[in-house]
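Consider the two complexes below, in which chain A is the common component and chain B and chain C are the respective partners.
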Partner chain A sequence: MNKVPGALKIAFRSMLRRKFFTFVSLFGIAFTLLVLLIAAAFLDQVVGPHPPESRGERTLYVERTRMSGEHSTQQTDSGYGFLDKNVRNLPGAENVSLFTMPDSAVSYVDGRKIKSRLKRVDGAFWSILDMQFLEGAPFTDDDDRQARPIAVISAGTRDRFFGGATAVGKTIDIGGQRLRVVGVVADVSPLRNLIAADVYAPIGTIPGDAWRGEAQGNFGALILARSPKDFPALHTELRARVKRFPIPDPKNYTTFDVPADSIFGMAARGILDDSRSYGDTPGLSPSAKLALILAVAALAFMTLPAINLVNVNLSRVLERAPEIGVRRAFGATRSRLVGQFVVENVALTLVGGIIAAVLASLVLAAITASGVIPYVRLGVNYRVLGWGLLASLFFGLLSGAVPAWRMSRLHPVEALRGRAS
Partner chain B sequence: MIGHLLKLAWRRKSSSGLLLAELLASFAVVFVVATSVVFLARCWRLPLGYEWRNVWSVRVERVRTGEQRFTPEEVAGFARLLREGAAIEGVAAIAGSMSSPYDNNTSSGDRPFGGHQVQMEFTEFTDGARDVLHLDLVKGRWFEPADDALPYAPVVVDEQFAREAFGSEDPIGKSFGTPPDDRDERVVGVVRDYRKGGELSIPVGMVMRRTPVGRDEDRPPNLLLVRAASGVDSGFEERLVTRLHDIMPEWTFEPRALEDMRAESFRSRLVVLALGATISGFLLLMVALGLTGVLWQNVTRRTREFGLRRAAGASQGDIRRQVIMEVVLTAAFALAIGVILAAQIPILDVVPFVGAGTIAAGATIAGILVLATVVAAGLYPSVLATRIRPAEALRDE
Partner chain C sequence: MIALEGVSKVYRTDRIETLALDGISLTLGAGEFVSIMGPSGCGKSTLLNLIGLLDEPSTGRVLLDGAPVATYNDRQIARLRNAKIGFIFQSFHLISDLTVLDNVELPLLYRSIGAAERKRRALAALDRVGLSSRVHHFPGQLSGGQQQRVAIARAIVGEPKVLLADEPTGNLDSQMGDEVMGILHGINRDAGTTIAMVTHDPRLADATDRVVRMFDGRQVQ
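So, the complex of A and B:
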């Protein structure tokens, strides 16, 4: 089968022959794929398994709870009481961590205002996540139980409080508490909103103890499964436990749901904010719905560039009518010619894809360097490239099909005379 | 001439059809961006209804005990904050609220009034909010401490809500219930349009509820709105938070100047628009390049036709006009379809808050931009067409 290499050779020769057309096509393809690649890089930044969530693919996230009644529904984060009794000891899970969603807290150092996101976490948090420690070490479950006033801070927080000097052993005043720094971790992008914070303190340091019994509050949990295959069993067990759990406000509400989601499902639930997606309601899951919406959006975005490329390609076909006529006259079959054209178009899109990948990594590096989104490290990785490749192929086939069909219908004699219209 | 050009376009209807689709899609993209720009520019000029300078919004983090529950200590604590906070040096006025201008806490809903659904946003204020935000009362009265004893819940609405819900009737004394709890609410006053989201937000009618402070059954607000006396120094914010913390040591306070929140809200809204404008600009450039290619090829293929016309006495200018007019006609057809589709938006009331005038302006701008793109794309190929020498063209067989 040396058909494809032969077709590729013709493809590149015809690309070089008409430089303007090639430029126009490549411009459209590269621009379209550039936008898609950047969008994919952002999505990957939100839901991809990046450190510190290196085990994200086998992690389930619990955050939102929902109560619904006849007249109203109410959604809030989970409470410590519920999670401690029902999630922490979930059978089949390798490890479970509980934590609060970050609260903002303000400190003043020498008259400067420092805003921090303060998160309270348990000891397991540090073993489930791959936080990169620049200084010191994490605290333990024992520190949490003893409510020791200590904290792990981010590198950015170290800069803000101590001007970048060593922080371990020093104290920070935050949210009305004085905490001793025991460790410094690399910053986590705020796009990972479930785990990102500036200051991490043990849960035990939360003032008072009303939070210990709550079904609903401002807590969340990470459930690390041994493998994603265990997800269904974990879901079933959690659902059974939620069913047995007394409804926190039985006067006004009749159901209580606490879903566990993959990281994509979590993002989907947050973005779609769909209160019907809880419990055993039929229909698409939030992740399926979000995937569908993203696919439709990508397709809609590709429409105009695709029509543009079809138009340019049609012109190329007509222009090359004499060549096609010659090849038909020398016995090339229609399907051979169609194949030739589709290969040419896909080759062109792949070249465009390479240009787009190079441009995308430049643009993403510029966004990262500009600091618009703090601590984010955007880039084109193999997952993003994979999606880009898929988009290129789809785009190439889409925009090559109509012109190829037109090409195959050219009458050899007419085509030879260059009369195609 | 136009009749002749139409006939030519009809003869190439399949490729003209694709061009038509391309131009229609371009029109749609530019139309959406242009309409958004016009819409935001119009919103920008509408009055805001409050005065944001020198105001701080302070988020009060109580020790969390669930969303719906609160203790008598918390209620008393919030009352102390309002009472003692007013005495802090540099504080001109202080109030509690459920949301502040430019923040992301929005609660909204709709309910039927006089046969049609009226969209509204809610916020809750304590009695001091009028002095903090300099709300401009146009009718009735503002909340007062004596309202605690009323058998109904007093609300103040803005003019837009009054207009949309009650039309030309006097809104004062009107009774209605709003979800989710549907208590009996009566309008006691009307203020100028209050646009919580700021200058670039969609105007929505506002319903302001009164939060009583100090009674055990009432949920305390989670924000303090503080107006500083004019001429406070840069240390005001830290002094304020330190003093608030002295009053309630268990709680934490996160201050933000409305000025900063306003800048932040502009940034986040304009980034989306700038992104949309950049992408559609590139799409338009791509369309222009593509059209140039298509027309170029079209012109070189029609050498003999142009040669014949030149031989029959057509000038270079005639040929150039023909090439440009052909593509402009296709574009005009696409734009006509686009305008008919765009006109359905106000007719079917798809996006109620965008007026017909805004849509007309957006469609006009989009039409002009698409036409300009088409003419620009036709320029080089039309010049190319005039280079054809009649004699050579006719010989070419």
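So, the complex of A and C:
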């Protein structure tokens, strides 16, 4: 009864009265957690459900294909032919969008050369993503089917082509095509590499027809599920369809795989570039591997400052020995003392976590304002804060358990004499 | 109440073996006020630690209410200390980060008692030692005599049957020492609390019911 509030009371009084110890400890804790929070904020920016991928948590991403044979393996992006036949009509999906990976395209405006990332997308792209339209409106599936020469451009593109003036109704010449602007959207961070582009045009505007039948090419797909719970069924159906699909190059390859990943899984597959993680390969998925690597990295990063805090805490064992002796004399059990000192340490690390969260907000705001990463809006949101809280708790337990155990093992008589060994 | 039967205590280091107590047999009866005297290093404090279940004998038995303490585990002994024994130390051993009130409440933290009841009992104990006006002070803001009175309040707040005082007036001047002794005699008389007190002062010892004299780890009287 009242164990935790009592321990917290002592913890905060102890912090205030031992200012130097508190400063040294909080400095180490706050710096460690600051770095972790900034790393978490970047990771969240890449894989978190941020606009325009607010529905990212129930979206599967199809990007790569892989063919393997006895002598070689080939990995490349998906082709329109495969995606149109097997993914667009996937049962159980709420909506599916096909799009190309961004191509670099060149334009000349008033003698200036402008390089843009040109992406071809279908009408569903605008339904699945919540792009912020600053002008006009998205194009539709009918525009795509009719191959209407129109485009939605980003705000940055509007600035480069039209000096920031209204763009809807005007035309741009890009990649040898003249496209009429029907909408302008807010810029998307390049960290959202599958979605970000400067110019979005209907898929139908791609010159020629050869791409329509390709199994491998320059395409990807978004599969919007009704719920993340539907992911396993969608995976199963897609895998069955892939197995039935004829291998594009049966002379050289014996297997053909097209995985669908969560946004984190896609990032993991990209980062780890793990050629063994396709199909029914046993073992950890890329997501699990990356999560494990990140957890181990975070743990390794926390270990050194945690050891430092353990040492600082252990040096305080001597200082607090009489208190431990008194508590033992008046009836504290060893487990009760362990609980008290762990709560004290967790309280200290939580204070460090709060300081780190405030500092991280300032640092992230400065990074955002600097424009080092264009259009990115870094910040400490509830997810990052949740990770920070988890890291603080873990750090507190990691650095508090050993000193707490050591303190609880002190012999009461020796402790009362001020001896900590 | 508490009995020691043929108790010896040996401290061992890598090279030295020290016999701190040698075959002590002693009984503390209910309501007794016993003083333990002897020169420095004769084993008085060791004896008090064994009576207080803070240490275990190397040989012999300690019995509390007729039951051998050696049969209890750490958790049970902690409960026994909490319920039946109160400690008063020469150097007070108050926790500097806690207020007077919180220090006195400390033994009750290890019982299932609500905050309001803990506070009520702690205030009553402080009233008993005449320190009701200092409840929100920190130990460092009090005189030595006041600190020892807080320590006495802490020792009696749980209404233990036995009070163990290790030179409770050792760090006090004679006037404050007399005040503290007055409080201890009052507790012994009014509540019937058994008290065992280590002291060097024959004047204080003479005022107790019985004097146990120690020399070189042995009981000589």
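As a working rule, the second predicted complex is superposed on the first by the 420 of 421 C-alpha atoms of A that agree within 3 Å, B and C clash if a C-alpha of one lies under 4 Å from a C-alpha of the other, contacts with A are read in each partner's own complex, and residues count from 1 in each chain.
By our rule, contacts are C-beta pairs under 8 Å (C-beta built on N, C-alpha and C of every residue); 3 or more make two chains touch, one makes a residue touch a chain.
Everything numeric here is computed off the predicted structure, so don't read it as measured data.
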| item | value |
| --- | --- |
| Fit or clash between chain C and chain B when superposed on chain A | fit |
| Contacts of A:K229 with chain B and chain C, given as first, second, both or neither | neither |
| Partner chain in contact with A:R244 - chain B first, chain C second, else both or neither | neither |
| Chain B versus chain C as contact partner of A:K19, first or second or both or neither | neither |
| Which of chain B and chain C A:Q74 touches, first, second, both or neither | first |
| Chain A residues touched by each partner, larger count belonging to chain B or chain C | B |
| Partner chain(s) touched by A:G325 [first = chain B, second = chain C, both, neither] | second |
| Chain C, chain A and chain B - angle at the middle CA centre, rounded to the nearest 10 degrees | 100 |
| Partner chain in contact with A:R334 - chain B first, chain C second, else both or neither | second |
| Minimum Cα separation, chain C to chain B, after superposition on A (Å) | 11 |
| Contact residues common to both interfaces of chain A (with chain B and with chain C) | none |
| Residues of chain C defined as touching chain A within the complex | 49, 52, 54-55, 74-75, 78-79, 81-83, 86-87, 89, 93, 95-98, 102, 106-107, 109-115, 154, 158 |
| Sites on chain A touched by chain B in the complex | 20-21, 23-24, 27-28, 31, 35, 71-72, 74, 76, 79, 103-106, 108, 111, 113, 115, 175-176, 206-208, 210-211, 214-218, 248-249, 303-305, 307-312, 314-316, 318-319, 402, 418, 421 |
| Parts of chain B lying in touch with chain A, wherever the complex brings them together | 11-12, 15, 18-19, 21-22, 25-26, 29, 59, 61, 63-68, 179-180, 235, 237-238, 241-242, 245, 249-255, 279, 282-283, 285-287, 289-294, 296-298, 300-301 |
| Residues of chain A that touch chain C when the two form their complex | 1-3, 6, 9-10, 13-14, 17, 322-323, 325-336, 411-413, 416 |
